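First chain A sits with chain B, and in the next complex the same chain sits with chain C.
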Partner chain A sequence: MFDKLAMYFQYPFVRYALIVGALIALCSSLLGVTLVLKRFSFIGDGLAHVAFGAMAVAAVIGLTDDMPFTLAVTIICAALLLGVGRKTKIKGDAAIAMISVGALALGYLLMNIFSTSANLSGDVCSSLFGSTSILTLTRTEVWLCFGLSIAVLAVFVIFYNKIFAITFDEDFARATGIKSDVYNLVIAVTVAVVITLAMNLVGSLLISALVIFPAISAMRVFKSFKSVTICSAILSVSCAILGIIISILWGTPVGSTIVGVDIVVFLAFCGFGLIKKER
Partner chain B sequence: MVGGIRLAQLECRNLCLGYDSKVIVNDLNFSVDAGDYLCIVGENGSGKSTLMRTILGLQSAISGKVIRGDGVLKNDIGYLPQQTVVQRDFPASVGEIVLSGFQGKCGLRPFYKKEEKELAREKLSKMGIAELEKKCYRELSGGQQQRVLLARALCATKKILLLDEPAAGLDPKVTAEMYELINSLNKDDGITIIMITHDISQAMCYASHILHIGKENFFGSKEDYLNSKFGKIFNADEVGKKEEEQKGV
Partner chain C sequence: MVKAKKLFCVAAAVFMMISLASCRNGGTDQKNDGESKTETSSKNMSDVDLTVMSSTMVYSEVYNMLTYPEEYIGRNITMKGLYAKDESAYNGNVYHFCIISDATACCAQGIEFILKPDELYPDSGEEFTVSGVFETYYEDTAMYCHLNNAVIVKK
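So, the complex of A and B:
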């Protein structure tokens, strides 16, 4: 088995997949703790669908490079959901569900009407599940992802205490003079950037799982914000790497395998949390 | 000192409160001086919390003004909000929460100073919960959680403390301790207290001023309140309650 792994590691695409997988897992798990606690667990899924819809629109308009357009649309939606959400009439989960389903439906509709591709359902499927795209990354994409992860990490460390304050009690934070709108916007932009890029690389199904699972697993066992964040980052990265290795060895789909590993770890942590409580 | 007249710490002038264009509280006028203990009373839905949110700048008034004076800056106000659903299962240690009270003073500085960590510990001992610093917030009792949030509010201010029903959901013994604690902050540390409460008999016990909001507003000292028509209703209620209690026994 190790021979087989060593053999695979000689291929650059396998190494790229591992690096990018680990980095995306790291970024999404850091944001995940805040998102889960703010009751925005599904924002990963919602924004990925928005990105999908935006890509469809970009394709229909005939934009050759759809990335800037997609990113802009996703950032606006993220800002609407996270930042301004407080003032709107439709709140939290309903707003996410509405935007997510709406964007997905419209995107698919547009692709269906104006499509030039022969394999439409294949295209749709790969953007939702990521198919094998994580194994077909180019060098540029790996560098892009690397730079982005550093940026997300830096934002997270610099604003860590502020993120904690507005996540725990936004009213108190605002009342004592923290510009929570600004920080909510920072979180929204970071989330949107991570999700848009990650969706191209690993698919929208996986990105949701990466946001949710490590955070809730860590919350079963750990009790301070710092330990939950650190544990969730470590869990996320190790699950991603383990999942990619398993999928390479046994030829299973990458995204689903990583989610599978995440589920097993979550169950283990649930059990551990229960034992800890009883003692 | 402005023009020889000392400004109140907080003054509300012709304040109209409400949501969208629906007015809840009309033409409210009152002022709070340093060291006052103001209780805001009124029925459910009369706009007590809305008033507090307006004072804190969390929502804007329909018309009228909230004026801060006497050297009180925006981030000089401490706030003890009612607990939210999010907080009940939030994984955070007591230390982390209390420290977050300093955030408003941090500006863009990303981390806490050593003095702030010291001060946070000091506030915890003041609340009598120094030993809980490393404990998980969600595993504490209701009374302990309120003390943690009070310690956080004290990190944010030395001057004014706004409290939104600090005794909600606490049992009678813990409630009494909580009010004692708040009273000592007012009397011993000279912190101005503005508190929403349902418990009028408690308000009568500690407060220096009463603000009654509803269809008609009343603002004045406790003595004036007792002699007003609102106070008379309260006295009648109190008599009724005592009779009930005696029957119960």
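So, the complex of A and C:
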């Protein structure tokens, strides 16, 4: 098994997949803690469907590189849901559900009507479940993922205190002079970036798992924001790397394998949490 | 401290923009000089045996062969898959393919191959293992890849 793994590591795309996968997992876990605590767990799913719809539109209008377009549309929708959402009549989960299914349906409809591919079902399946996307990144996409991940990490580190403040009590944060609307927008933009990147790793239907599971697992054992964030980051990166290794060794789909590992770790941490509570 | 944070923010934003801008120039630049020729030179002559790899790795490696063909030219490729053939309505040529699926079984890719003159092609849909030299060739202005001088290793 180790010989086989050593052979696989000689392939550049395997090394790229591990690096990019770890970076995406790290970014998603950091934001996951904030999103779970702000009760926006399902926003990852909603925005992933928006990204799917945007990819379909990009394909229909003939954009050879759909990432910038997908990113822009996802950022706008994230801002609407996280930032401006409070001022609209349709709120919270209803707005997310509406945008989510609407974008998914329109995306699939457009792909069907203006199909440019010989294998439509394959393209849809690959976008929804990730398939082997992370192992088939072009060098440009690797650099793009790397750059955006570093930018997301930088934003999280720089605005850590502000994000912490608006996560727990937005009204109090606003009263202390923190421009909560601006920071909500910052969170929305970074969430959109992470979602667009994570589509390469697990596909648009499984992104929520990448955002939610590490944070929830960490919350079973740790209680402070800092310790939960650190634990969540370690868990997420470990699960992503382990998932990618399992999938390349045994030929399983990458996205669902990573989510499977996340579920096992969650169950293990539930057990740790119970033991810790009894002591 | 605030200045340093602002500077870091600007640097992060610039880094992000560069990443996005670089994306526009991305993709594989395939040679497209319109000539009909076959390239057989190679930087790395080591063989690629796809039969010892998992389905995820096989799919990814074949994807890379088709995306970066210049890195595989001249290398001996051995692969296992399902046989399929297609006759071009444009020029009447018959093309033979070895088809492999990804782990989710929703995506499939094929590599064209040409057997040595005395070899017999398998039946359609039959699983087989083929070994041949990876080459690129041009038809009109488009570049294609195939395994040339191939032999059926196992049916």
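Just so it is clear, the second predicted complex is superposed on the first by the 273 of 279 C-alpha atoms of A that agree within 3 Å, B and C clash if a C-alpha of one lies under 4 Å from a C-alpha of the other, contacts with A are read in each partner's own complex, and residues count from 1 in each chain.
Quick note on the criterion: a contact is a pair of C-beta atoms (placed from the backbone, for glycine too) under 8 Å apart; a residue touches a chain by one contact, two chains touch by 3 or more.
Everything numeric in this text was worked out from a predicted model, so none of it was measured.
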item: Overlay on chain A: chain C relative to chain B, clash or fit; value: fit
item: Which of chain B and chain C A:I158 touches, first, second, both or neither; value: both
item: Partner chain(s) touched by A:L37 [first = chain B, second = chain C, both, neither]; value: first
item: Which superposed partner A:F222 touches (first chain B, second chain C, both, neither); value: first
item: First, second, both or neither for A:T138, with chain B first and chain C second; value: second
item: Touching partner for A:F69 - first (chain B), second (chain C), both, neither; value: neither
item: Inter-centroid angle chain B-chain A-chain C after superposition on A [Cα, multiple of 10°]; value: 170
item: First, second, both or neither for A:A175, with chain B first and chain C second; value: first
item: Comparison of chain B and chain C by chain A residues contacted; value: C
item: Smallest distance from any CA atom of chain C to any CA atom of chain B, in Å, after fitting; value: 5
item: Chain A positions touched by chain B in one structure and by chain C in the second; value: 158
item: Residue numbers on chain C that touch chain A, as the complex places them; value: 5, 8-9, 11-13, 15-16, 18-20, 22-28, 52-57, 59-61, 63-64, 67, 102-104, 106-108
item: Chain A to chain B touching residues, read off their complex; value: 37-39, 157-162, 164-165, 168-169, 171-178, 218-219, 222-226, 228
item: Chain B residues within the chain A interface of the complex; value: 53, 56-58, 74-75, 77-79, 81, 84, 86-87, 90-93, 95-97, 99-101, 103-106, 110-112, 134-136, 138-139, 152-153, 156-157, 162
item: Touch list for chain A against partner chain C, complex; value: 4, 8, 11, 13-14, 64-65, 67-68, 71, 119, 121-122, 125-126, 129, 131-132, 135-136, 138-141, 143-144, 146-148, 150-151, 154-155, 158, 247-254
